[in-house]
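The structure appears right after this line, and notes come after that.
As written, the chain order gives the labels A, B, C, D and E, with residue 1 at the start of each chain.
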Amino acid sequence: MAFFNKRYHPAGTSPGTLTKTPAPGAESYRLRLYDYDSDQLKIFDDTTAKACTPYLESKTVSWVHVEGRPSERTLRELGEAFHVHSLALEDILNTGQRPKFEQFPDQLFIVMTLPVMAEDRIESHQVSLLLGTNYLISFCETDFSPFEPIIKRLQAGAGRIRSAGADYLLYCLLDLLVDRAFPVLEAFGFKLETLEDQILEAGDQDTLAEIHLLRREMILLRRTLWPQREVINAMLRGDCPWIRETTNLYLRDCYDHTIQVMDLLETYRDMASSMLEIYLSSVSNRMNDVMRVLTVIATIFIPLTFIVGVYGMNFDRNAGPWSMPELGEPLGYLMVWLAMLVIAVGMVMFFRRRKWF
Amino acid sequence: MAFFNKRYHPAGTSPGTLTKTPAPGAESYRLRLYDYDSDQLKIFDDTTAKACTPYLESKTVSWVHVEGRPSERTLRELGEAFHVHSLALEDILNTGQRPKFEQFPDQLFIVMTLPVMAEDRIESHQVSLLLGTNYLISFCETDFSPFEPIIKRLQAGAGRIRSAGADYLLYCLLDLLVDRAFPVLEAFGFKLETLEDQILEAGDQDTLAEIHLLRREMILLRRTLWPQREVINAMLRGDCPWIRETTNLYLRDCYDHTIQVMDLLETYRDMASSMLEIYLSSVSNRMNDVMRVLTVIATIFIPLTFIVGVYGMNFDRNAGPWSMPELGEPLGYLMVWLAMLVIAVGMVMFFRRRKWF
Amino acid sequence: MAFFNKRYHPAGTSPGTLTKTPAPGAESYRLRLYDYDSDQLKIFDDTTAKACTPYLESKTVSWVHVEGRPSERTLRELGEAFHVHSLALEDILNTGQRPKFEQFPDQLFIVMTLPVMAEDRIESHQVSLLLGTNYLISFCETDFSPFEPIIKRLQAGAGRIRSAGADYLLYCLLDLLVDRAFPVLEAFGFKLETLEDQILEAGDQDTLAEIHLLRREMILLRRTLWPQREVINAMLRGDCPWIRETTNLYLRDCYDHTIQVMDLLETYRDMASSMLEIYLSSVSNRMNDVMRVLTVIATIFIPLTFIVGVYGMNFDRNAGPWSMPELGEPLGYLMVWLAMLVIAVGMVMFFRRRKWF
Amino acid sequence: MAFFNKRYHPAGTSPGTLTKTPAPGAESYRLRLYDYDSDQLKIFDDTTAKACTPYLESKTVSWVHVEGRPSERTLRELGEAFHVHSLALEDILNTGQRPKFEQFPDQLFIVMTLPVMAEDRIESHQVSLLLGTNYLISFCETDFSPFEPIIKRLQAGAGRIRSAGADYLLYCLLDLLVDRAFPVLEAFGFKLETLEDQILEAGDQDTLAEIHLLRREMILLRRTLWPQREVINAMLRGDCPWIRETTNLYLRDCYDHTIQVMDLLETYRDMASSMLEIYLSSVSNRMNDVMRVLTVIATIFIPLTFIVGVYGMNFDRNAGPWSMPELGEPLGYLMVWLAMLVIAVGMVMFFRRRKWF
Amino acid sequence: MAFFNKRYHPAGTSPGTLTKTPAPGAESYRLRLYDYDSDQLKIFDDTTAKACTPYLESKTVSWVHVEGRPSERTLRELGEAFHVHSLALEDILNTGQRPKFEQFPDQLFIVMTLPVMAEDRIESHQVSLLLGTNYLISFCETDFSPFEPIIKRLQAGAGRIRSAGADYLLYCLLDLLVDRAFPVLEAFGFKLETLEDQILEAGDQDTLAEIHLLRREMILLRRTLWPQREVINAMLRGDCPWIRETTNLYLRDCYDHTIQVMDLLETYRDMASSMLEIYLSSVSNRMNDVMRVLTVIATIFIPLTFIVGVYGMNFDRNAGPWSMPELGEPLGYLMVWLAMLVIAVGMVMFFRRRKWF
């Protein structure tokens, strides 16, 4: 996830402007319509905005899903066909929005994010939702696949999904988007546990990079997930005429999930911070152990080297009785070895008693 | 406690779905019914959901306790027999829920956790509670033993427990679950005090691991205990028809306990953070002491070793009067020793005055 | 102060249970009654609960003070005589409660703590207060002495204390308990200032232990003092029939004191954290200074020692013209000294210019 | 951005005082008037306050823009002509105000900041806005250019800008000011990503300086941006008679932008803190690696140097059979080399097995 | 500023007690009365409480200013003359109060602090204010000088000060007290910028002491300034009969200033924390650079010293063909030099390539 992923107009652009953005792979979009009630389900694939309009006005529930990135011209047409406010259209076009909830006179406009695990990194795509009297319009940059489970449930016709209204369908999509965070968090939890084992024993520079990556992803994930909680809370508090009482119970369950997601994320951040501290201490401890042993070795040999240096001096033994008489002693050499042994053992014992190694 | 312990359905699954989960040791459950009023207490062990139903509807208070992990099929049967909402059933099946409070049309649904000390680690089990007009249904993964004290009080018949309604029984269970945290916290407090003594004097890598473990457990414990406070607060604030005014006084006492638990936990976390900082400083201080002494020793011997090296040079004394005349001096050797002594003592005094060792 | 100082029943014990606790020095208690109005003051020392009852019901203000630890049996008798709710009795018996405020049908129940400076450590004792229509019952583990000032004021009869009701007496006790924190904080402030002087100049392991101790005491003190603020705030907000409007003004003053206490404590914690950081930096700076000087000394001598080593080699000067001809030079020895001097001075200058020592 | 950039009067100066401030380049200002309704747009450049007054009172929307720094005398004249409250005038003169919102009896007074990217540093200029019944007065220290887009939209006459009232014009200006933060944040995000790559591999003192600079700019930017959120929130909550219901929808969009800006800034700060920690650990890791290798090298050679020192001693081989007999052994020299080789290889293997280098 | 600067009575003292405190330089006070309306201004210097009383009751606005420390006896007299509540009197006597706001039946009682820059340290003096129907009584430990600007404005008679009531005078004093923080903060900002330049380049122990001092002053300043915000907010919210609607507008301006002061202080604290971290890293970086270079030098010479040591060994060349034959080689000496050169250059290149120095 990039640090800055918001698309924006230059400051001062008129609100609701849909600038001609040469988006990569622009004008590749596909519009699908699901029109259903408890008795039947009609699916229109690759259809057009105009063809959908009569269904939006019918009594049956209609779900229009726009996949891919429509060009600004197409988006304007869609906007006109579905009576979408220009501010909402601007937010749909300029992806990278913060999840938001806005009640327009005709429609409820909701922006959510869909986190997708791509290898080790997380990507997040914007999903825009518009709820009207008995229709739901959804926009998603990526392909259909994340919404397959809902479509399968529509086709199966089991449960409440076919008999309940567009607001229940909205709940189903929100619930799906929120629940997508769980496998991501499960993977994070697993990584944290793996890291935890490394940290106390053999953490190295890679461990550090790994901790950093995890924290980074969590900070960025938090940025997209935190506002989702507010969005669903706003729906629960608000008196939207399009959301029925019976759906609120399900939304509360969904709200609980957003809280649980944030709870996990906060716990993970605490854990990651704690682990970085422990990692640092652990590295420092290991380094200290190495340095202490090495320094002790050096320290033991330094006086010994001095002693052998002394008897390597070339003072003329013939100059007088005080000029290195030791060199002439028959047991001089052995005495020096003995002295050095005593010093070495003494120092080792001294260091040991002080627990220096 | 694992970092991620929630069981969840794939995103997009219909709400209230009870998937066939091949849980380890599945379909091992036991259902017990306690039916009582102030006059009598009937106990039915190893009974079935159907056999319980008439008691739930009777005027006496009924407590149905389900122990172990029922299979999804059994759970669905239980749900039908006791009129449990499918969202509640899903939460009962998918353990690892965040403690929650939900008011369904017919029942109050509460999820709590039961912390269990297993050796040094804490495990937490989900306890799900359903309160109806005059019955209480409880689900717990583990065996009966944690609830023994309540059962004994029911059998003894002393106090208010037999004469008060199902809401008082609910309070008793909540109070038990909340109070289970106290011995855990007492053990933590004891560990912290033990650590505290180690830290300033002889902390090593094990101490570090210990601090990490404590913080980890506290972070994870906090995650399960914090929402319990909200749950009980929600019960106090909410106008549940099933909770009588007289029980509120007891619930407030229970609420106080949850606050005290959080208070202790927060204090412990502050202490653990402080202790980690002190530990680091302390390790660093000890290391500095070692290094300083060793370096001072090395530094004293380095000039001495240089001096003896000088007189180990092989310049030809016959080459001229300036070619190492010291070597021929009768007292040269002694003078060198004297010079080295002066240097060594001087350096020791210098280092001492600067308080370097 | 211990990390965990709450006394508690095993989880699942019936609320209001007064277990037989073999407390050390149990059953040593003393009950004193002060019955007064603006005209007279009667003192009954070492009296019994039963003897007090008629005074509680009279129109004069009665203050029953229980000092020491009554046994559970005596406590139950006291509870019956004074109509104390069993939950309150349990909290009185199980000391180590968090300060709390509870409005029982007949009485206001307040738990506060009395911090006592014992040498360098702080101890905190629980004080339990029960306010009825015109009586006040107080329980304190320790002896009377902390409350002497109030008793003297009652005897002197000056000020409002004799003419105002039991609620004013309650305020007087609360005010005394809250104000006991000021000398403690003054002592802390003094210690912090002493530490501050040490830190920048000569902080050692003892300084570290001292900082840790201060932070520890402050974390634990905060735990007992913070809820006192809530207690007094709850009294100000609540509509207790036993607290008159005129007393509120005094309670607000007392509330201000609790805020000031917390303010000071928070400031101290910030200061202590800042001081620990500065201490660490300071120790690190001093260590760096030592290491730098020592390393520079070593580094200067290492090349010199190498040079003298070179001329200590035993190559046979007779082997050829390139075999250590320097050794035969008349000024060779002096030249080596000169070279070493130049190298040493050069390095010193180089290190100086780089500000390495 | 300077740490302290507020201009202020000496304490105790009468409120609303416009002191004669010898501002650099004072009395260089320019006043422009845009008077428009949906039919026409009149532009008066370099006009005077008096000439504007009749337009303010007309039914058409009037926008008076004051660019540059008028002297205090001119400002007083402007204030009188436009009925500006003296407190507002003081805030207009003393730039460096915190963004604020104040409802005067006749006008709505708003202070915002315009962040401008100047090379690597951010500068922020104060923009003061006064909204009356159907006029808007704006003050900006810098030249017109930031507001060009609005002027172009006025001239183009497209969109709502010409037909909507002065409140919509106010929204347009606020939206422009808020949106100016996005390119700044985009640049910050880019810098952070660049830094992130450096940190784990080759961070040096420059990286540190760069991190510090980024944090500094973000702290200062936060100070000016945070209150802007409050300002727009206050406008949404407040019942200003000059802001129409239809404009609120747009203001809410603008409010969302301020939240998104703060969100990004907070995320960046978290990232920068995390990056500093990782940088420190990374530097420390690299340093440890260097020190470990070097110390190991030194440690291996120290015993070897001791050994060769031993056989450099000058004990008289003729003194006795125990006086350095090794020196006379034919294979003595080779044996010493062998011994040193064994020691060196042994130590290398020992260090390797312990993973010390 | 001392850590603890509150004067307090022993716990349990009757509220409103004015103990005989042998304050240094006690009983040195001076009372001044300003009695004014829009027409006239009377000044009575060095007057007495009794002489002021009739003016307090007159319709003109009266400002009684007490400078210095009156003795407790005098204070009691003042209290009686001006009908001051005993709790207020206690707070006036016991300086070092937290800024507070209390509405007594007859008077509004406000405690503020006056920060004074004394050399490098900040001192804060308590200013107590009592607002009655049309009089204001102010107490300040220090001399008059801080209030000179107000007195001058009274004498000049310009602006609203003479025509507005006592509440406007109160606002003027509050505004003066709040604005006194700006020069202090400006000085802090300047110091921080100076420090910032030092930190990255040449920070030493003095820099550390400087950072500590700044943080200390800011923590203590924050303690006195933060409650001032609450005080003014309480005045804005409260329905004090003595504060007129028209004054509220000015108080809001003053409130904005308190917020700006806190904003600056918080930003400074963030900056100071960031600077301490950067300082530590910077010192550590510099130390690492030194150590690395020195260690590399040592490491290069250690093998060389070993080599020259080898050829300093005294093995008897006559013992056999393998006994140090190199010593007899004509080019042996040169070869050793060559070998050492190769080793040295090789190591330098190796270290360079690894970027170790």
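Everything below uses one rule, namely that a contact is a pair of C-beta atoms (placed from the backbone, for glycine too) under 8 Å apart; a residue touches a chain by one contact, two chains touch by 3 or more.
Keep in mind that what you see is a predicted model, and the values were worked out from it rather than measured.
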Centroid spacing, where centroids are CA-atom means, of chain B and chain C in whole angstrom: 25
For chain A paired with chain C, centre-to-centre distance based on mean C-alpha positions, whole Å: 40
Shared interface positions of chain D, touching two or more other chains: 284, 291, 295, 298, 302, 305, 309, 312-314, 324
Overall pattern in which the protein chains touch one another (line/ring/star/complete/other): ring
Successive chains around the closed ring, taking chain B as origin and chain C next: B, C, E, D, A
In the complex with chain D, residue positions of chain E that touch it: 146-150, 153, 158-159, 161, 172, 175-177, 179-180, 182-183, 185-186, 188-190, 192-193, 196, 200, 249-250, 252-253, 256, 259-260, 263-264, 267-268, 270-271, 274-275, 277-278, 281-282, 284-285, 288, 291-292, 295-296, 298-299, 302-303, 305-306, 309-310, 312-316, 319-324, 354-356
Chain E residues touching chain C - in the complex, by the definition given at the top: 2-4, 6, 8-16, 85, 87, 97-98, 100, 102, 104, 202, 204-205, 208-209, 211-212, 215-216, 219-220, 222-223, 227, 276, 279-280, 283-284, 287, 290-291, 294-295, 297-298, 301-302, 304-305, 308-309, 311-314, 317, 324, 326-334, 336
